[in-house]
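What follows is a set of structures for review.
Here subunit A shows up in two complexes: once beside subunit B, once beside subunit C.
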Partner chain A sequence: MNIFQVACKNLLRRKTRTLFTIAGIMLSAWVLVTLLGFNRGYEQSLNENIEGMGFQIVLTAKGCPYEAATLMLKGGTGLRYMPEALVRDVAGREAVAAATEMLMHAEFDPNKGENGGTTVYLGIDPQTYPAMKPYLQFNQGGWFSADSAVEIVLGYEAAELEQREAGDMMLLPGSEQEFRVAGVLKRTGTQDDGMIFLPLKLAQNIFNKTGRLTMLGLRLKQEADQSVFEEELYSLPDVQVVSMAQVKNTILSLVASAKVIVLSIAFIAFLIALFGVLNTILMSVFERFQEIGILKSIGALPKDIFLMVLSETALLCALGSLAGIILAYLFSGLSEMAVRYFLPFAPNGRLIILDWPTTALAFLSITLAGIAGGVYPSLRAAAVRPLDSIRSVD
Partner chain B sequence: MLKIFWLLILLAGFAPAAVGCDLNDPDRDIQRLFPGAKVTYKTAYLSLARLGGEKTLRAVEERLGDKFSGLYETIDVPYTLYTLYQDGQLAGYIHGINQKGRYGGLQVFLVYDPDGVIVNFYYQKLTSRQAGKLRSPEFAKQFTGLSLRDFLSYDVLAGAGGSAGAQVIKNPDPADRTDFLATLRAVKKNLILMDLFVFNKGAQ
Partner chain C sequence: MAFIEAKNLTKIYTRGAEEIRALDKASFTVERGEIIAVTGASGSGKTTLVNVLGCLDNPASGSLTIDGRTIFEDGVNLSETALTKIRRGIFGYVFQKFFLLPTLTVKENILLPAVFQPGLRANTARLAEVLRLLGLEKRIQHLPGQLSGGEMQRTALARALINNPAVLIADEPTGSLDSKRSAEIKNLLLELNQKQKLAIILVTHNPELAAIGHKKLELKDGSIHNG
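Now for the complex of A and B:
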């Protein structure tokens, strides 16, 4: 029988204690894996969300509510417009890889609720907008059949509310024309879900906003320096520059403080595992004081005792970590729901990403920390003198 | 069984829900739709999927005389039921459904007394060329006093039949019947669902 088998047998002799120790390590590993997964998932989802907007920079008229939610809160008022010449000038600059012009429009719908409500439209350029938002997928139909087509594309929730499917006709508040529904988008989890899209020229025409634009979405060339380009835009009169990099950095700096707390909790979980193992193994060594003495008196070397106790520690930690990782994978859906519930802002996408580097890091760090915690009890066990242990028998 | 339970738990966070039909501002809307002494209410969310599933859906379709169709009229649509109380006593119910109209969605709410008789009718949302006429108080009044019994023999596809009370409901714009017929289908569906949810639960 080798040292490892002896260690296994020792653990099995005290099943309850072994199980509780494994449970303690398992909980620490679960917390650690989940927090590391969150650390990775949140940032990745945020990046994807911001990149998914398709624009690196959005240019709007100063004070213009460029988000549908803001526009609704303001009762559909407050829209400001940029001169087309200025927009064309920016779109044509050297650093710009792609640009798309948009017109947001809010119309009062007297047949919504008791006192009416606001419907928001987005006039888009059919040639450039779809390419800037490649993540938009269709549930039914597709984009407009022509630039001048009297057609609309509905976000998923807008289509649900209006009970429209591709091919249906629809009336839009603010217009007497009938529009054919060219397509219904899949759910995206963004403001696009509630949006009614129509061709830009048509929107400008029916809402009497010829030559007017509310937004310009820009994507820069890879070699372009975004901060230098933004500085150029800041010098333009009466426009505001919404940089997605800025938005991301603002959110990330807010999240950074939350991350410090999260990692502190992870560190505490780590320490609990370490001291838990140290305490359990030390108690076990004290209980087996005479047993260790007898082992030594029949020929076991201090090195053998040290390895035996350390093997027990390593086994406990490895099994606990493994169980914790399995729990983290099993309950990642529930953990994510809980995180979404408590977080004031959570991006769409996976918030907790568990991949092998995260899992391996958690497994190794918990196991190694546990083993480190087991070194002192192992040394104490190795240092037991057979005579002292035999004399200690009452 | 245990595997299915875990799978459901893990998937719970990712399943997109079908759209329901809630009052925009229940506190204000309920008081307006059910005037009188101060009304308190309880909200319940029901669905055919949870009330017997496919079998119940088929039964509802049979009573309606039409199939549930399209992307949005599905078995998992959550229906919102407002149960109303006045002075601690049951005073009535409010229930709304979404209905496909010619040019957009209709949200038709019916207010019921405790016996299932319609006491008020309300379009929360309506996209129609004849919206002004359909939303008139005169049109809404025609539904007052009617119940499921009046619509049981009403054929939603032909737009004919029903009791004398149902047959006298006038289309405010005879030149365009589509949204009028969609409204009557919505009313009959609303009545059938209320019968299922509240008035005739035991018959499921």
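Now for the complex of A and C:
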């Protein structure tokens, strides 16, 4: 037997109390690990979402900037249009490496889902759009066979929803013609998944938007200064410049305050659990004054007793945080659903990313904090004199 | 020079304005292998005496030397760690209460001192010897709650002896045992004294048990009345 084993047996003596203390630590560890995972996951998904757009700058008709952001990322209603001449002018500027014109159209479909839903169509330029998003991959088929082909490409989710495969025919609202499904995209985790793509000219035609554009996606030349170019665009009337970097920062700062609140709650939960441990250990030390005195009379040095009680604390915290980490992994899906529900904006993709450095950090910080908290009870125990025990029975 | 020499040991407790001389200028010696019976009325200072002698408590004044080493004296103030090391090397203790750890088996309780004194760990021969001396071989896997009072005290004795001490301090070791068990413990102490050359400081109210002492210290109001 060694001191550590004696400590284990001490903990086993009051099983219920030990369990409750461990449960307290477990819950706070769960919250902490989940939140740390969220901290990472949210930012990463947001980055991937925005990178997934393939553009550095998007030009839209004037509107509220947040609406513009939402519109791009979520696909939505309240669309406005830009004059074609202006778009051509911007696309032709010196700093622009590539530009692609788009027409977004949202149509309410009463037969979609249980209560109906909005289907978002994106008219794209078959020449430039695929080139700007070379990373888009197909599950089936490919892009349109010709610039003016009566064809559509379905996003992954759109295909599932419409129950269509490449080669199938499909009717679009506002058109008598049947469209052939040229391809179905692989899942991207972005808004593209829910989208139905069709050639721009065709879209302008069937949605009665001849000559109109909702968006212009831009990629700049390597040597171009993005902020200078953005300044240039700001002076244009009636257009809204949305820089992806800005969108990201706006969203991140929106979420930042939520994160601070949530992290402080986690911290408080952790403190409460820590005091629970302290209380348990201190109580068990007071209960065992006599026993500790006897241990000292049979040869335990103050440092032995100190170590024994500190190991008890460390063991409680380590077990608790281990259990909490397991819970965090088991229920990360559930936590993600909850987070998605409460957040102002949640990107697609995983919101909570648990990796071992984060987990190890949480484990270590909880255990170390527990050990730090255990120092005082351990010192109290180490200071017990053998006499205290012998006398206390008289 | 005697193995243990105590000179004018004095211990004073204050209870409010009242001053209690629990020990009053007690002087005596203990030789190796000697049994000393400490007797006296309740409150006469027996426990105080053996606690100071066993380095569990410190006197207000007076001196104590053990095996030539000064433990207490004016101007000498050993640390808790130093005292613990002396206790480990010289003494074993049993009390009226057995103070066994309820979650540990008999064997684990007996080996408890080895947890803190790694040097003792390897000595399995000593464990076997102690178990045999105290007749506990068949009880090693029992928990204290499953033992009789006599067996519990024998377990406590075994724990006190595992480090092969020179002096056993026994403060009313039969205080919570019936007469049959008490006689059993008495015989054990005698046997230990003879076979192991163990010095025993024996506090007892029981005249039969006190009779095994080679020497008697009779306390009255903290001072020794014979010596």
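The definition used in the following text is that the second predicted complex is superposed on the first by the 266 of 394 C-alpha atoms of A that agree within 3 Å, B and C clash if a C-alpha of one lies under 4 Å from a C-alpha of the other, contacts with A are read in each partner's own complex, and residues count from 1 in each chain.
The rule we apply is simple: a residue touches a chain if its C-beta (ideal position, glycine included) is under 8 Å from a C-beta of that chain, and two chains touch if they have at least 3 such contacts.
Everything quoted here is computed from the prediction, not taken from an experiment.
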Which of subunit B and subunit C A:Asn111 touches, first, second, both or neither: first
Subunit B versus subunit C as contact partner of A:Glu336, first or second or both or neither: first
Partner chain(s) touched by A:Leu161 [first = subunit B, second = subunit C, both, neither]: first
Partner chain in contact with A:Ser175 - subunit B first, subunit C second, else both or neither: neither
First (subunit B), second (subunit C), both or neither touched by A:Arg187: first
Subunit B versus subunit C as contact partner of A:Ile390, first or second or both or neither: second
Touching partner for A:Arg13 - first (subunit B), second (subunit C), both, neither: second
Subunit B versus subunit C as contact partner of A:Gln44, first or second or both or neither: neither
On subunit A, the residue positions that both subunit B and subunit C contact, one per complex: none
Residues on subunit A engaged by subunit B in the complex (per definition of touch): 110-114, 117, 139-140, 157, 159-165, 169-171, 173, 178, 184, 187, 330, 332-334, 336-337, 340
Touch list for subunit C against partner subunit A, complex: 47, 51, 56-57, 80-81, 84-85, 87-88, 93, 95-97, 99, 101-104, 108, 111-117, 159-160, 163, 171
Touching residues on subunit B, where the partner in the complex is subunit A: 6, 9-14, 16, 18-19, 24-25, 28-29, 32, 70-73, 98-106, 123-129, 131, 135
Interface residues, subunit A side, partner subunit C - complex: 1-3, 6, 9-10, 12-13, 290-291, 294-304, 385-387, 389-390, 393-394
